[in-house]
Structure formats: structure tokens, C-alpha cells
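So, here come the structures, one by one.
There are two complexes below, and they share chain A, which is joined by chain B in the first and by chain C in the second.
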Partner chain A sequence: MELKIKIICFIALLVSPIGAVKEFSEFHEELYIRPTSSGHVNTFFQFTTRWHYGDRENLHNTQLIPRPIAETLLLYDVKELHIGLTQGLWRYETFGYPVVDSAPGAEVRAWFAAENLTSADVDDQWTKLASTFSGILCASLNFIDKTNSVEPKYSFRPTFATGSKVNVPQFVRYATLPREIVCTENLTPWKKLLPCNSKQSFASLLNSGYVHNTNYHSLGMKMRTICESHNTNCILEFTETANMVYDPKLLGANGDFSLRRLFGQGLNGHCALAKSSKIYVNLDDQSYDLTPLPMYNTTSKRGGSTSTFGVYDIQRLDGDKLFNIAWIKSKNNKPSILLTPPPPLYAHRYILGHGQERGQIVTQITNKHYHALPIVFQENIPWFVPSYMHTLKLIVQPSNGVEYQIQPRVMHYIPGVQRVRPYHLELLFEIPAMSTVQISFDFDYIFLKWLEYPPDANHGHYLGSAIITTQLPIGRNYTAIPIDKHLFVDSFNATRSSYFLEIRTESLILSLPTPDFSMPYNVICLACTVVALAFGPIHSVATKRIVIEQKDGQPQSLKGKVLQKLFRRKQNNAGNSTKEVEQHEKLLFGQAAADISIRKN
Partner chain B sequence: MEKSKGKASNEDIADGEDKYRLFASMAFMIVVIIVGVPMWWKTTEVYRVSLPSVDIMSLSDAPVEVSTKIAIFTFDKTRGALLVKELKEAYSNNDLWRPQFVQISPLEKALKTKTPAGLESILLKQEEIKAGDFIFFEWPKLQEEILLTTDRSALIRSDTSSSRIKQVINLLILQTHRIQQILNENHRQAVKTEAPQTEYDVVISILNPRPDIMDAKWNVRMAVETYIAPFLKEVSQISNYTLTTQWKYELPFEADLKQIRDNSKLGRHYALGENDLPHIITSIEKNLGVGITAKPAINLVVYITPCDIAPVHIYNRQNKQATRQSVDSFISPKWGGIIIANPPAEACYSYNTAQQPVQFYVNTNDVMQIMLYQLQKLLDINVEFNIDGVKTVALEQIAPRRWEYEAYIRRSAVMHITTASNTLQSLIKLLDNISYIVINDDVGDSINDAYKKLLLAKQSLAEGNLLAASDYARTAFVASEHAFFDASLLAQLYFPDEQKYAIYIPLFLPIMVPVITSFTMIRKLLTKLRNAKKEKIA
Partner chain C sequence: MRISRQTLLLLSMLFCIYTQIAGQEQNNQLPEKYVESVQRSTHTNNWAVLVDASRFWFNYRHVANVLSIYRSVKRLGIPDSQIILMLADDMACNARNPRPGQVYNNAKQHINVYGDDVEVDYRGYEVTVENFVRLLTGRTQNGTARSKKLLTDAGSNVLIYLTGHGGDGFLKFQDSEEITSQELADAVEQMWEKKRYNELFFMVDTCQAASLYEKFTSPNVLAVASSLVGEDSLSHHVDQSIGVYMIDRYTYYALEFLERVQPNSKKSMGEFLQVCPKRVCISTVGVRKDLYRRDPNKVPITDFFGSIRPTQISTGRINITLEDEEDFINAAIAAEEEAAQRSTFKVEFPSQFPTELFK
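Showing the complex of A and B:
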């Protein structure tokens, strides 16, 4: 087990030999479609550009790779970058594992490596990099800074290669913005990074009206460099992915679906620059009939499970008509048998507790496999959720048996500091076979400064997903691309000794106590009024003389009193008295006189 | 009603109390008016570093003066002296220019030289010619009246008049009309030219709208490094240029092309109307990709015409073909230029007959020469003129002529000085008008720095130290822009003075009214006390 954990931590990167190849650049477009066991349809687009750019200077001369991407490499010491913009939740139990996993909202992860690079430099470059991509993708990535970024130690493994003989310092940064809403404004710039325009090619299927009607959609971008020797003879790999899960029931027509129905239109040819343009259709669920039939079928054996794929090579099609594939429910009405059992590992997360004082974050990781699995669990808790790690508990709940507590094998914890850095927790432990591990810890609800509340503060604050990393011994439900390869087709027959898996939990929403935002203004006004009210009498008492007057023959009736006061008043005025009479009194008398005159009328 | 005795005793008490009432009112006044109001004012004040506002506003009072050395050599000493005298007289009443005319006396060695270049090198040993200076020397066998070399010198014939020399100095060396345009106070008349920025991205985009039928081969990197990079290296005194190239696919011209029959091999060409050119720039600009730096970009676009609409030629408003070249191009100042690189007729002929994708090589020489010319135009370094009897030596290298480039440096320095002082002055005016603009230490430093550098730049120009002046002017320009566009200026913009008063008036109004009315009371009490004293004395 110790060994396995080490493998997760220090995976040696398998670099495909570059050799002395001349400068090349190639572009591939792929689409993978699979009906899931829940009746949903998972569609996955991948656009891969690979450019053997050679030396650094050549990054100024781009061809298929978009210019801003190449310029990022010149400006920053970034070697690998993953960006995910996701809306909706991937349901592992029913959808299986995605090709590229990403957390709800925006997620960015980058590796930096260069000689003499310090952590402070990296912090600076990281925020600049995020701002750059904020502009490129029109997303709010510019909100990424030190207060929401962490430096994971065990969760991620690098997939780039510097090719340097000496040990070059490497740094990783990770941040999520779970509140980010992914919309058309992200899709359009994302499509602009493709070498072909979106009227033709696979990108013609990505129409915003249809993309955003899905149960789950995720735009991804991945960039990595693979160098044979230090900074020379390098390959830049730039991959754009779009993953969408449709519910065919919502599309109407009793569960049948087609490309046109899913994407709003048929496929309009292929990109002229693409080296390959292929559609892969998973044929494991045999309850559908395909029209037209795939050009050829291919079988993939991977980690003990076998899948069949139908392949459509779009470059071999001719004719100007829009290409369409239809999935029609089989007429022979076979009893639908769940062929693919649920995936071996999945996780859920909740907030427990009531009221707005104390709460508990609980993550449940379930292992359905008949072997124990090594787990790296990562939490990235924002600074405004003070968490108490002394309450951290790992409880194993076997599917048949009594629950018991375990201790993590390794715990990496960096406590958060308010307004400075988030809480970062990484746990390495082993999850026993056929059981669930429940990770829980307590936290407090706190008040924020009034400017720190986001717009619509009563909506609540988001907590990013936890990331669970493991090595699966079997390839069931597993579709990720091997680390040393770059195309989706490379995942066929890619049997390895273990399968590196990343899954993410739900992001949580936390309603922090929210103040009345007009409060400061009200407080100022109220305080000023009170001070002003108090000031008047105090000033009068301190500066005015109080004169006591003897009054004789006071009339008993109200009318008499008033008349008398009025009379005295007139007398005073007439007598040109030198007595100081308070202005207030004058005012009062004036009012009383007015009252009387009204009454008389 | 009042008994006299009671009244008297009351008044006695009142006299005793009056003193305390007086002190109490005074104490309130001191606390509220002398301590409270200034403290409130100070604590709610907008932070502002002290600035040399008056000095900055008087910056434009001192006009820009430029001094240069212009040396003249003739074989006949009296003729040289005459020329110098005439030129000196011509410039004696000039506010802008303070040229120093120097005569180089005839030398023994000079008579023996066989070539103008030899003569020039001898003269340069005799008289120091710095950047911005110029030398005219006589060469009797000259055909033209004046021949400008690529360096800081010109050859003159033995009978060249001083008025012709003055014309050359004014128009070409000093470029008086352009400097005056820059200095023109009246902004309506001044030509709207932007001061050169310190950094530029030169983005060369090659558009191939139909990669499915056009397999264009071109080693862009090599072409650019051969033609453009050496030129930019020569002109990077004022601005730094970063060269990038990119290919862009499936990005067509969005314009109506009219087919026109002709006698070429293809039997037709397509006409692109002059009116459509701005639309083309608009349509392709949004797809050219964004740079990730804040540097302004100079776009140079090469459009590879697809064979189904090739060749494309630009037509003017009179519906005539605007150019006679095989390559058409146009520029939009400051934005960049577009070159329409029509593929060779043979390639398109084979496409039209076979309908198969064609492979061809882009003609590097044609395209890059036009691109270089466009770049020179965009940077506005080259001088084009038409004066009888005045010629320039043809350019042999890519770099611009030395005197052209130095005139450009001088122009830029003047432009930087005027822009920077305008920026500073508008900033000061803005600060006077809007009291809640914050000026923090950083911005304050920038303003002070810009002001100091401006003075230094002006001084250096007046002393004839062109390169130093250019450096100072550029740093002043950068500092002034930084100060003007700094985001911290807007920090208090959401809390203007009106709001400040709106919030504090509920406090101040009810407090101030009794305090101020107690003034009258104090006055009355004082007169009363004085009267009482007088009575006592009496």
C-alpha cells in the first residue's frame, strides 16, 4: 500500500519519444457518444492540437495553435494548465466516469517549472495567468488569487516534461470558483481558439442554444509542454474538450435521439486542417439501433472490461448534406439489462447542522470494489469557513458490519487565515473493500465584512468540490486518456497496471449570516440624529438661564390657562422686558396662539 | 407682577451666572467649531500628495526650442561664409529652431580626395557631427543641386543657393511643418497623431480562407526574420517591437466581389471596391485573436486569395483598377495593413480545370517588400518629397536613412513632450474640478517625475542633445500616462462630496444652529457686562 501511495505521489512521466522529428503541427477532432445506464446521453468532444515547436523563440510563429496560448508560454513559466468551466453535476453512479473530470463552476490548475523559480514568483505568475485566461475565455478567473488558491502536495501529478537533467523546481497551483456560471459568453471565445471556424467541422454542433439545455456541460482546456531536452525540441499540446450530458426524454420522441436532435443541426463536414475527424459511438448498450450504421466497429479491451465502438470517419464522407446519426430504440423490445455495473468508487458531500452557528462538512466515499483502494482526499475550504481539524474523523462503514474509526496514513494540513489563505487539507488513507468512508469535521459560521459579501448575498456562499484521487486496478467505466497519449482513440486497448482516477464531489452552498446591507447608512443617520437631539437640550441647559416666575391667581379651566398664557405673552412683548426668554418657549407660544386662532375660526 | 426687590436679587444672581453661561457657550464653540469641524474635515479628506500644480500649468508658457548643428563646407571660403551668413539671417527670428551654422574651413587634404565618401570622412574628423546634426558639403561634379545621402550629410553643387539649402533644412531635416502641426495649440487644426508608445506588438497574420483547396507553403518565420526583424531592430530607439506571426484559417473577406472579364490566362479577375475596404478590416479584426499583453498591436495581414475567387484587385470609386501590381494592398493608419497575395495564375488555372487542391509557394519577395513598405508607412519614418533639383541616394539597406530616422526621433520627442505636458495639465485641471480624486504616493511620484523629466527633455532639446532629449521625453510620457490612467484615481469616485454632506448634514445642522445662535447671546452678555462696568465706574 505504501508503494501505491508513492506511485500516486511520484508518478514517473512516460514521454513518448520525440526524436529528431521536423517541426510539425497536427489537429484532430473527435466526438464520443455514449448512452448511459440512466438513459442519458453523454457526448464528449475533443479537439487536440499538437505542435512540435522546437525552441522557445519559435513560439512567436504560430500556425494551428492559437497565438495567445503560445504567448502564455513565453510570458509565464507555465508548463501545464487545466481549465474547466462546468455547469451541472456529474453523477458518477449513473454516468460512469467522465473522460475529463471537472468541478462545478470554474476550476484552474497549473504547473510551473523553471530554473531559479521561487514560490513568490509563482504566486505572482499564477494570478497573472488566471487573469490572462479570464480575458481569453471571458470567465471570472481574475478572482483567483492567494486567498483561494492552494498548493496540493499529493492530489495531482504533473503530465508535462521539462526534459531537464537537473532538478528544476516545480510548483503547482489550484483554485476553484464554484459560483462561476458557464454561459454562451464562454463558449464563443472557447470556439474561437479552434483553428477552423465553427460553421464547419465538429464545432458546428456546439450551438449555444443546445449546449446550455443539457443536464451537465463542461468546457475544458488543457495545455502541456513536453520537451526532450531543456527548453529545446519541445511539443506543445493543446486540447479543448466539451462534455455534455443530455436527457433524451426531454428532447421528446420516446427516447430516440439523433445528432440533429441533440445539437440542433447535423454535422457540417469536417475541419479541412484536421488530420482525423472521427465520431466514436459506444455500442455496449444494445437497446438502440443506429442509422446509418458505423463505417466499422472496433473493440477495446481495457483493464478487464471490453467495449465496442462504432466509428464514423467524417473525412471519408462526401456530399454537402449535413451528416446525422440517429439512435432508435430497438423494436424487438429486449428487457433492458444494466450491462455496466456502477463504478467502483464514488463520493458525496453534505453540510450537517442546523442554525447559523456550527456546522459539519461530511464527505462519504464509497468503494464498491472487492479490494481496498488507496485514496488521496483533498479539501479546499475558503477562508470564511473556519474549520476545526481536531474534530476530523474518518469512519469506515462496511456494507455488512460495524462501523469503526481509522486514522489517515498521511495528513497534510495548512490552516487557513482569514482573508489571507484558504484551509487546505489532504488526506492519504486506504478505503477498505465494499465499504464507505465518512470524513467529517466541524466548522463555524462567521460574519464577513459588508463589502466581502457577493451580490445576492442571501443566495449563499459556495464551497468548492473535494477531489478524490485513486489508482483503480480495473478499467470498468474508465474512459480517461492515458497520460502518455493525447487522443481519445488512444484510450482504446490502453491496458495499464493501474488507472489513475480523479473524481470530484458536489460543491456545497453555505448560507452565512447576512447583515442588512443598508445598515451602515442607517447607523450613521440614526447616530447623527440621536447626537443632534441630545445636543440641543444639553446646550440649552449649559448656556441658558432659567428664570422662575411667580404666577398668581391661576385659572383652573383649560381655557383660562391658555388665555392667561396668551395674555402674559402679550404683556411681556408690550412691556419690552429685558428678560431672556428662551427661543423654544417663544416658538411654543407662537404655536399655541396659532392653535387658538384656528379654534376661534 | 414683578416686585422690585425680587428683580434686583434676580439680576444679581444673573450677573454671577452670566460669566458661567459665557464660558459654557465659548466652550461649546471651541469644541464644535475650532476642534470638531477641522477634525471632521481632516478625517474625511481625500488623500492627495502635494503637486507642483502651478509649475505644471505654466509648462506650456515656455515654448519648445530645438537646437541643432548644421555644418557647411565649401572649397571656396568666402562662398561658405556667405552661405552661413544668409542661413543665419534666415533663422535669426525663429522661435522654434535655434540652428547653429558652422563653417568648416577648406583643408589641404580635402582638395585631394577623389570621392564624396572620402571627403565626408575627412570632414567628420574635423567637425563633430552628433545625432540630430547635419552637414552640407560641396561636390562640384554633382548633377542635382542637393543630393542627400543615407547618413547625416548632403552634397551640394558649387552654385546651390542658400534658399534651396534652407528649403531642404526646413522640409526634410527639421520638418518644420510637421513639428508645428504637433505644437499647434489649437486642437482642431492640429493633426490627430498619437505619440509613439514604448512597446508594440507587430502581428503578422496570414489568412488562408480555404485551406481545403489552397495548400499554401510559406516559411513565414524566415521571411519575417529576413525582412522585418532587421528593420525593426534599426528603429527601436523609441519603441520596442515584438514580432509575432500567426496563420488564421477559414476567415474570408466579407465583401461583395464582382467578377470582371479580362485577357489573362484565367480570363477573369475579381474587383474589390474601395468602399468595402473598411468593412474588411472590421470583419477580420475580431477574429485575428487577442494578444495577452497590453501592448498596442500593429497588424500586418497577408490574405491568400482562394483560387475560386482569384485574383482579387482593388477598384477605386471611379470603378477603375486602383493598382497595376500583381499584389494589391492597403493600409489603415495605426491599425495596420492588408496585403492581398493572389496565388500564381498557373496554380489557379490548374485548380479551375481539375478542381483539385493546389499546392503553391507564396512569393516571399513580393509580399515582404510591400509589407516592409507598409510598416515604414505605419511607423511614419520615411519622408517622401518632391523638390526640384533635390534627390536622395537610393536605399541599399533595410534601415531607414539616418537623417530621416533622426528627424523621426526629434518629432517623437516633441510629440512626447507636448503629449506629456497636455496630459499633466489636464490631470491638474481635473483635480481642480473634481475634489474627490485620490492622488496616492505612487501617482504623485509619477507626476513629479514626469514634470522633472519634461524640463530635462526641453533643456536637452535646446542644448542640441537629441538622444538624451528623446529618452527624457519618453520617460516623461510614460510616467504621465501612468499617472493619468492609474486606477487608484477612481478609488473615491463612488463616494463623492455630495454624499459626504448628505450623510453628515443630519449631524451638523442641528448642532450648528444653537452654537451659532449663541453668538448673539454672547454679544448681548458682553455689552451688558460692559455697561455694568461703566455704571460701576460712574
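Showing the complex of A and C:
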């Protein structure tokens, strides 16, 4: 008992200063739920930790921020990091724009900045950083290296701030692993980075069985530093996001849904360390009745569009009961189709051509807005897809009118080198109002080296998605968080002069010609057969005794020979007309007229 | 009467000889203390390397095998940081799996061996012979994440479990390469030379599994295989809803046994080695004990499958109060007030879009 008291005293002592310092690292949990026009339900979790750590040496003592994240900042010159692990396809036309866009498979993007940093240092740090996070997130990110990473020039701009007056060299690296699968083994370590772990609060809603049966699910991680002056007085922002799109029809119950039906259980309270724990429900689709009703409603006007959100403050809930929200189709409303206009910009990508010699990659970007939009288009083509940039064509297909070709304003192209670096293409052009731009270029199918084929070579090889960035003048369907803010709630009423948008195309699968993998086996079999066939006769000639039968009275005429052959067997059986003589081998060659037969000895 | 006397004489003589031999035997035995000290476990930590070497959906059973062992060692106390799990393919989130995120050991869905809390260290294309041998011998490439290293020492009891498709003297990895029994034996020998294990339990469930431990020469290795050379290891049953075999026989019965083991249980390795008799396994389970100095019947199963460490409880008091407790707290509060003043500052972010190029 005495010991117990002692321990409690000790904990209290340790907690008191930490509790006070807690003010400078704050944790927020948010859940955003929106029924989409297609009848799907988009759910978005965001866990934000913001830590004013001040000077660099304070990174050794972490509180709410997970230790590996702080140590990453100590080890590498990374200032901003985005990791996405996604399965499924985000359908822009029906889902609208996601809060955080992510490419299918794994995607990593990082900014490095430090004095005297060179590109070679960054290459080294980049592979090590990917390898570190491969261990943290149980993903195969260690396959990221120079051969599949690019350095985008126009697509990405830093969202970190060094605060340094001097011009510190900055480097960006980007890579995708479109083949990467996302499963519980990624969700588990991702949840373990949260301060309240996985059994409490919003994270308890992320149960593997209910995350992986969705139409689309994406785990995200974002980290950035904001410094007042160079490397001193800094803030570290660490955001973990999970985005899932459910199909309520598959969940049964006539399109009605609830937290329990979506996530398998109700919400068991909030994280005690969180400064805010809120659920935001989009109320634009009025065909649902909510029970219980939101605690309060809030309206967000952004970029010319208005949305209403119902807010549930989980910290104000009391009682031990699991909290549940149900969306029930209104009885009095006629079954209505929500007339959400499609988002202003979306894109698709295909592989054209037939055979296994030449092909064409085509990307179609559609602008549904009534103004021209500036576009930055980025392609990251693996080294095993030799592309021909002289065949690059940008064709505008207006919704009414004749199609015509345009030239990009700026083109940044780094040709790939086999086994060394990928093909990297960035195009800047303007997409006219109400039209589609088709970007196409040709490529060759090539054979790889024997050992470069994966064990399932016939499955095909993946090409990561292209990234399209633009600046929208309107905020319709737009939910991204403004760059100077960090919470989802900060996107409410965040009217700006323009809205930076990032969208991604589908990833592609390419059936490269595969060699006959059983060829070595066949060669061995064939060679062995040939050797066996050659060896057999030589062996028997060398080891067997030759018996020469000499016959008397050989007939000289053809008729006589034939007759003799026919009747020889009978004569042999009778055994009185032939005389067997054993002779030496050398004699064989001298006896031209001798009839030779071999016997096993 | 005469006959009976003779018999009596003979019997008494036999008895004399017997007692003599028995006495001699007693004298020849090792001192009890020594036997006990050999029998006593000397390990300080436990590690597990669990490998599924085969890819493709029809090899679902191999993933179920390896996850069964993973589940057991994790339940018995080996932390995730000391389990290296290698899965060559993803079955849980495979598009063919009607129950996403779940892998079962049984068509009746008794145990979800994949669970809700799993960490796979090597997956997909990472599962190669090279990576496996590098892992065992500790020769991982520079920059490898900590969770992908086998950080064992001379006090580690290591459990190595392999499953996949094998033949006489080899085990296939991902249908594209194979590890031979000689390579395996060399890797274990190198582990011993580098003092990377205290005792090693090698367990393999594949066809002709016994051929894989034949070349071992390193000490303190106990090995068990699901089938002898020339024998096939067989699968247990098929689940019609997924269309493939669920699990292999040997591991199925091993899991059944391990499910009854608790961290404090008295079950021994000897019992574990007899977990699958021939009438249920169909193949003959092979055991190699000649390199192992302890009697498996006296080795607790938790020496390899759990992580039980001898703990000493001290009842003495330790004074851990800081001398300048108040100063410490005041300094912390002051520092934080100062930081509060510095925490609000203005930052300018660069424009996110190259608008200047479109003018």
C-alpha cells in the first residue's frame, strides 16, 4: 500500500509540469460526414497535433507528438512530409473534391531545407526517410529510391516556413508506389501514433473490418514545421487523416445509416488529451433526418457557395453510453435526386493501342467552369516505359465546336534513363472554358532483364497517377483546409481570392511482355535429352561386344536380297543355314558384305 | 520340485545382475545439480521470425498458417517489436476475400488469425531469400528501419517459423526463387558465431519439411518439421465461400494446442512436439533433438512462444523525490510563459500556384 502511494505521488509530480506545458501542444479530433450526390457517404477523420516546441533541442522531449515524428526532424532536414496510403478510386464527378487528395497506392512527398544542403544529400536523406516510415507504417516505402522519385518544379510549393531571411536551399522529392496495398497492418501503426491510442475516442471508430469494406479508403499523414526565424521558435504540425467512402446500400436498411452501421460501434467518448472533439455533419442533402439533432448548426460561405453543417461537440456529452448519430431517409420527402453540379475540374487517364509493341497514354482533363483555368500537369512515368515526347499532343475538345491543338506555355521535361531515373514531365497550359484537353504521348513496351520481373510478372506493372493542380476561382465542392490553418473547421468561411486544387488521375496497369519464364527449365531438359541421346549409342558402342554373322551364298540380285530378308527370320529360327563367328571390333569395318547384328553382352 | 528350485536360482541370479547394473547406472549419471543447471533456461528475451514464403490467392492457407503462429506468440507475450512477420502476399485485403481485413483458421470462422492489431514487417515483394538471410544474419542494408531488423543477442531465444511450398532440400519463395537447406544451415551457423541466439526453435510446415533442418550443425537448435523427406504436408480443409484451402494440418493442430496455452501454463516443448500425431496429420512430424542439450519435456513452451522473464520484486523504499522540487516546477512554468509570448508570430507562406507563369 505504502509503495502504491509512493508511485502515485511520483506520477503526480511528473505530470504537473507536463500538464502545464500541454498548453503549447494541442490536440484536436474532428470527424466530417457528408452524404454525396451518388448516394455514398464520405467520412473524413482528422487528428491534428500542433506543438510549439521552440528550439531544436526540445524535440527530444515529446508529449503529444509521437516520438518517431520528432526524431525524424532531428535526423533529417525534412521540413514537410506527406504520406498517403490509399485503396480505391476517388470519383470526383460524384464525390466532389476530397479534403486531402491522395493517389491510389502509396504516395510520399517531402520538402527538405537546410543551409549547405546539396541535392546528393537530399537523395540520401530521402531514401532513408522513406525507409524509416516504411518501418513506422508497415508499408513497402523502402522501395522508394532515385529510380522512381522525381523533383517537381511547378506542381508543389512548400507549405512550411523556415522564417529564414537568407535564401536556404529547398528541395522537394515525390514518389508513388501504385501497387502498394493498404490493410490493417497499416491502420494499426497509424492509430498507434495518436495520443489516445486506438481504443478510445474517434480512433475507436476505425475498426479494420469496417475500414476495408469501403469503396474508397485513404490513410494520410502530414507533417510540417513553421518557424519564426531559422530553426528557432518553431511549431510542428502533425496531422493524421482517414478518409472512407461508404455505400449505405451495402450496409442494408434502405439507405439509412448511422455511426454504428458505418463503423461497427458507437462513439465511446472523447480523448482526454484533446482540446476539441467535434463531429461536423453536412446538412446540404435534406433528404435525411438526423437523430439526435446537432447541438448547433453553422453556415459556411466560401467562394460563392454556402453549406450548412450540424455540429456535435463530443466533449459536452455526458454519460457512459456509446454515442450514435442516425441518418434516416425523410418519410415526407419525395425520393429526390440531389442536383449537385459536377465539380469544375476532373480528369481521367487511359492506355490506348493494341499489341505489345507500342502504346499511348492519354489523359483527359475536363473543365466544366465558364472560365479558362490554369493547369499544371505532372507525369511521373517509370523508367521501364520509354516515352516519346516528340509525339506529345495537347488537343482541346470544346463541348461544342471543332477540336484544335495547343502548345503548352511551359514544359519541364527530364527524360528517363533505364534503371536510373524515371521520365518526369510537367506541363503548364490553360484549359479553355467548357472544354476537355486531351494530353497524349506514345511509348514502347519493352522487355526487362530476367530478374527485374516481379514474382507475379503476368499481373502487369503499375504507372502512378498524374497530378493536376489548378487555381479555382470558385469554392464549389471545395473542402481543403487553407494553407495558413490546420483544422478542418478552419475551412469554414475561409473565403480567399482563389482556391488551390490538387487532383489525381487513375493509376494505370501495363502488361509488359513477359519472357517465357520456364525457358531455362526447357533448355535444361532439352540439353539433357540431347546429351542422353548422344551418350547412349557411344556408351553402347564402347562397352558392347560386336557379333558378326557371316552368311554363305549371298545372293547378288535384288530379288534374291529381298527374298533373303523376308525369309531370314525363318532361317535364323531354324538355325542351320547361318554360322556365327565372333570377331574383334576392328574386323567389323573390313567386312563390307557382312550382316552385322549387335547383342547385349 | 527340482525344476522350481532351478527357476528360483535363476531368478535370484538375474535379480543380482539387475541390481548391479542399476547401481552402476546410478553411479554413471551426471550430478543432479549439473543436470538442473543445464535444464534451466538462460534466455533473457524472446524473438520470433515468422515467414510465409508463398504468393497468390490459392496459397491462402500459408498466410493463415503464419498468422496462427503470430497470433499465438503475440498472445503469449512477445511484443510486436520483437516479432518479424513476413507475408509474401496480402490475403486480408485481397479483392477475392469476401471478408475484407479478416483471415480465418477455419471455415466456421472460429478465430480471425489476422486480428485487429497486426504489424507486418516485410510484405509483398520484400519477402525474398536475400532479405530473409540478411535479417537472420543481421546484415541488413544501411537505412533499414528498426522494425525490420532482428536485434537479437546471446540471450535471445528465437523462434523461426517457415511455411510455403518446399521440396527435398529447398523452400520456394514467391514462386520465383528458393532457399536451400544448406543456405539455411549456414545462416543459422552465422547467427551462432555472431552470438545472435541463445536457443533456436526451428519450425517448418511444408512438403518434405524435414529436409530443411538436416544440414544444421549449430548448437542449441531444436527443430520440428511437419513432414519427413519424401512426404507431403497436407492442408486441413477447404472453405467453399472463398474456394481455397484454409490452413495446413500441422499448423491447424499446433494452433489448437497453442490456444490452450496460457502465459503461466506448465505445458512443455515436449508436448508441443507431439502436437500432430500421424493419424491427424497424415504426414509424419519430424523432430531433430541432437543439437539441443535440454530435455524438451522439461522445457516450458513459453521459453519459445512467450516472453516470460524472471522478475525480482523489491520491497525496499527508493527515494525519487527531487531535491529542488519547487524550483523545478517554477522553472518549467517560467519557461512556458516565455514560450507563450513567442508562440504567436506571423508567417508568410509562398503562393501555392505558379500564377506568374500564366500572365
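The rule we apply is simple: the second predicted complex is superposed on the first by the 492 of 601 C-alpha atoms of A that agree within 3 Å, B and C clash if a C-alpha of one lies under 4 Å from a C-alpha of the other, contacts with A are read in each partner's own complex, and residues count from 1 in each chain.
Quick note on the criterion: a contact is a pair of C-beta atoms (placed from the backbone, for glycine too) under 8 Å apart; a residue touches a chain by one contact, two chains touch by 3 or more.
Since the model is a prediction, treat every value here as computed from it, not as a measurement.
Judged by the touch definition given at the top, the superposed model places A:T132 against both chain B and chain C.
Annotation for chain A, partner touching more residues between chain B and chain C: C. In the superposition on chain A, A:T62 contacts chain B only, with no contact to chain C. Using the contact criterion defined above for the overlaid structures, shared-chain residue A:N213 touches chain C, although it does not reach chain B. Once the two complexes are laid over each other on the shared chain, residue contacts for A:V547 go to chain B alone; chain C is not touched. Once both structures are placed on chain A, chain A residues 132, 135-136 are touched by chain B and, in the other complex, by chain C.
On chain A, the positions that touch chain B within their shared complex are 58, 60-64, 66-68, 71-72, 75, 132, 135-136, 192, 195-197, 199-200, 272-273, 521, 524-525, 527-529, 531-533, 535-536, 539-540, 542-545, 547, 550, 571, 583. Residues 2-3, 6, 9-10, 13, 16-17, 20-21, 23-24, 52, 54, 87, 127-128, 131-136, 138, 140, 142-143, 154, 157-159, 161, 163, 179-185, 188-189, 198, 207-209, 211-213, 226, 228, 233, 235, 374, 376, 409-410, 428, 430, 454-456, 469-471, 483-484, 498, 500 of chain A are the ones that touch chain C when the two sit in their complex.
Chain C makes touch with chain A in their complex at residues 55-56, 88, 90, 92-93, 99-102, 114-121, 123-126, 143-148, 174-176, 315, 317, 320-322, 325, 328-329, 332-333, 336, 339-340, 342-343, 345, 347-355, 357-358. By the touch rule above, chain B contacts chain A in their complex via residues 1, 6, 10, 14, 17-18, 21, 24-25, 28, 203, 210-212, 220-221, 224, 242-247, 249-251, 287, 289-293, 503-504, 506-507, 509-511, 514-515, 517-518, 521.
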